[in-house]
Amino acid sequence: MSALLDVRGVSRVYPRPRRVLWRAEPPLVAVDDISLRLERGQTLGIVGESGSGKSTLARMIMGFEAPDVGEVRFEGQNLHDLTPGALRALRPAFQMIFQDPYGSLDPRRPVGWSVGQPLRAMGRAHSTRAVHEALERVGLSPAAATRYPHEFSGGQRQRIAIARAIATRPCLLVADEAVSALDVSVRAQIMNLLMELQEEFALAMVFITHDLSVVSSLCDDLLVLRHGKTIEQNAAQRILAAPQSDYTATLLAAAQITPQSHAATAKGQSP
Amino acid sequence: MITAEDLTVRFGAGAALRGVSLRLAPGQRVGVVGESGCGKSMLGLALMGMLPDAAQMAGRITVDGADLSAAPEATWRALRARRMAMIFQEPTAALNPLQRVGEAVAEPLRLHLGLSRDAARDRVLALFEETGIQEPEAKLRQYPHELSGGQRQRVLIALALACDPGLLIADEPTTALDAHVGLRITDLLVRLTRTRQMALVFISHDLAAVARTVDRLVVMYGGEIVEEGPVDQVLSDPQHPYTKGLIGARPPFEPGHLRRRLPVIPGTVPGLVDLPKGCRFAGRCAQEMPQCAGTRAPKVQTGPERSAACHLLTEAAQ
Amino acid sequence: MMRRLPVNLILGGALVAVMTAVALISLVWTPHDYTALDISAKFAAPSATHPLGTDQLGRDVVSMLMAATVNSLTVAFVAVGIGGSIGTALGLAASAYGGWAEAVVMRLVDLGFAFPAILFAIMLAAAFGPSLSIAILAIAFINVPIFARVARGAANQIWTRDYVLAGQAAGLGRARLTFDHILPNIAAPLIVQATIEFAVAILAEAALSYLGLGAQPPMPSLGRMLAEAQTLMYLAPQLSIYPGLCIIAAVLGFGLLGDGLRDVTDPRLTKART
C-alpha cells in the first residue's frame, strides 16, 4: 500500500529581483530536492528556521503551489497533475492550521461561518450540526458559532481554527507553526488536543515548527531543514537522543532548559 | 545597585504590578519569566522610569541608594542616558531605517559623553568588536535593512552599551530571532555582564533562553512575583504551583513520551481587571484552598536565597 | 469605552445630512415651481414669498437650488456608483487572477488616469450631443481607474492573510474567495474613497454643466445657474453666490465626511490619535 503522503524529490526556485540593473540575481532555491513519506495516524515534524523553506514545502504539500521538480502524491495521486476541479474535490481530505490565530480567521465573519466554510465548499448545505460538533470536539461551546473572532483569546482562536480544519474529517493535517504563537500553558492544551484528535481520527500530521522543544511528544519522525536542504531525517527520538549534525545539536541546545550556571560549571569556567 | 521595593502599578481599575520587590547587584543576571500579560514588560518599563502616562505607581525605586520614586523626568532621562539601557524584541523597529548603524551608535557617545567625531567612531568600532559584529569597519556605513536580524540585535546591544551602563534590561531580545542566533545573543549577554560587571534583567517567555542566561530566576504571574531564587534551584525544584505548571507544561526531551498528554494549567491568563483579589493564581490552581481566592499569600522564605508566595507554603511552615 | 469622533466626521456628516434632507424634501415639495417664470417679479429681493429672491426670469431661487441639489446628488451617486462598481470589479479581478490579467488591467488604469475627464466629456458631447447622461458617463469614467487602483491595493493585502489560504484549503475558487473574504474586508477603504469621490463628482458635474455639457434647460443645475448668473455679475451678484456656496457646502461636506470615515476606519491613524 502506498503512503498517505509521498513527496518525491521536490524543488522550488523563486526568481529574485535584480539589485543592479545590468546583472540578474541568482534565483533563490527555497526547497531543494526534498523527499518524505507519511503514513496514516503518524506525525512528521518538519523543523527549520526562517528561510529554511518549510513554509514553501507546506504550501506545496497543500497544493497551493506546484514544485518545479518532483511530485507530491496524496493517496497515490499527484496533486499537481490533477485538474482544478479534481483537486478541489480532494481538498476536504487534507486541511491546514496556521501560526497566527489572529490572522487565520476572517474578522468580519462569525466563528460558525468560518468553521462551516470547508463543509459548504464540499456542498454540504445543512452543516450547522457538523459545525457545532466540530466546536464541541475542540472544547468550545456551540454558542461560540455566532460570535466573532475578536471575542476570543489566542488559544481559543487556535481551537476554532482546528475545528475548521477537522470539520470535514480530513486524514491529513498540515500544522504550520500552529503552537508557536501561544503561551506555554495554552500551548500544552492545544498540543494535547492535537494528540487526542490524531488518535480519534487516525489523523496524519505534518507538524512544522522552529522549536524543537515541542516535537518529542508529537512527532514520530523528524525532517530538519536548512536553506531548503534536508540536514537530517530520521525517527524523532533518535534525532533528539543523538543529533547527527551540528546544526540540529545547536537547535536542540537552544530548546532545552539547562541553567547556564550548570553549563558553566560543567565546562569548568568560573562564574 | 538598583532596587525596587513593593512596586505597584495601576491602570485605572487594573493592577499591572502588585508589591514587586527586586534587588540587582552589579554583574548579576536576573531572569523574569511568565506568560504574556503577567506584568514582566511592565516591570522592565518601571525600572527604566518609562511607564506610560496613564500608569499610577507606588513603591520605591532606588539607584545607587538614591530614591527615584518621585524623581522628575529629567533625572530619569539623565539616568537612562548613562546608567541604564534597554533592548527590545524587534531590532528592526528600534533602529532608524535612514540612519547608518555606525552613526546610530555614535549619536549617544557624542551627545552624552561629548566625544569628537573621530573618538566616537573609534568607540563604536570597539563596541562593534565587543558585541561580535562581523566586519565591523564595513558595518559602520551600512543601513539597518542591510543587516541580518542577529546582527541588528547586536547593533542594538552595542547602542545600549555605548555609555557603559550599570544595568541592561533586555525585553524578549531573542524572541524574534532564529533559535541558533538567539543562542549566540544570550551567550553574548552573559559574556558582557561578566566583563563589564553590568547587571542584566532578562525578560522572556522562553524558559530555555532565560535558563541558559541568568543566575537568578523571577517567576511572575498576574503582576506579582510568585517565586524567585537561584535559577537551577527554581527549575529543578519549583515550589509555587504556577512555576510547577509552567515547567511541567513543556514537553520533556527524554525518549518515550510520544503522544503522552502534557500536564496543563487549566484556563488562560486573566486580564488586568479580572484578576482574583487574593492569590492571583486562584481559579487556575490545582491545589487551591478555601483561603486562596480571598487573601493574598505572603512571601515565604524557603531557602537561603529563595522565596515563593503561596498559602501551601505558609501552611507547611506552621 | 466610547471614542471621541473626529470633528471632520461630525461636520461633514452634518453638512451631508442637511444636503440630503433638502434634496429629499424637494422631491415632494418646493416653495414654488422652479420652472415657473414670472418676468414681472424678476430680480426680486428676498421676501417672505421668495426667501432668496428671484432670478432674471423671475424664478424662485430657493426652489431652483433645492432641485439643483437633487440633480447634483443624483449625478454624483449614479456616476460614482457606476464608475466605482466597474473599477472595483476590475481591481478585484486583477488582484484575484494576477499575471497578465493584472498587468493588462493596471496598464488600462494608467491610461485612464492619463486621460482628462473634461476632454472625454467634450468628445462624447461632440459625438452624441450634450446631455446629463454624457456628464454622468464622463464622471463615471474618471472613477474607474481610481477605484480599480484602491480595490487592487487593498485586495492584494487581504490575499496574503491566512484566512484566505484557509478558504483555499477548503476548496474555494478565487471568485468565491473574492466575494467571501476580499470584498467584505476592503469595504471600508472603498466606502471612504466613494465618499471623497462623491465630492469630486459634484464639482465635476458643476463644471460640466457650467460648460454646457451637463444638465440641459430647463433642468436646474448648480453649474448652469452659475454660468447664467455670470453675465449678471454686476446686476445681481447674489445669483452667482448662492449656487457657489451650495457647491462649496456639498464638496466640503463629502470631503470632510470621507476624511472622517478614513480616520475612524484606518487603524494606523487611530493609533496615532489615541
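Letters are used for the chains, namely A, B and C, taken in the order the chains are written, and counting of residues starts over at 1 for each.
FYI, a contact is a pair of C-beta atoms (placed from the backbone, for glycine too) under 8 Å apart; a residue touches a chain by one contact, two chains touch by 3 or more.
Bear in mind the structure is a predicted one, so any value in this text is a computation, not a measurement.
Taking the CA centroid of subunit A as reference, the farthest chain centroid is that of C. Counting C-beta pairs in contact, the chain pair with the largest number is A-B.
The most central chain, judged by the distance from its Cα centroid to the centroid of all protein Cα atoms shown, is A.
Distance between chain centres (mean CA atoms), subunit A to subunit B: 31 Å. Here the CA centre of subunit B is 55 Å from the CA centre of subunit C. A straight line joining the Cα centres of subunit A and subunit C is 48 Å long. Within the complex formed with subunit C, the residues of subunit A that make contact are 62, 64, 84, 88-89, 91-92, 94-96, 98-100, 103-109, 114, 117-118, 121-122, 161, 164, 168.
Subunit C contributes residues 161-163, 165-173, 180-181, 184-185 to its touches with subunit A in the complex. By the touch criterion given at the top, residues 49-50, 153, 155-156, 183-189, 191-192, 195, 198-199, 210-220, 236-237, 240-241, 247, 250-263, 271 of subunit A touch subunit B in their complex. Remark: subunit B residues 35-36, 178-180, 182-183, 186, 190, 194, 205, 207-209, 211-215, 230-232, 235, 245-247, 249-265, 268-269 touch subunit A in the complex.
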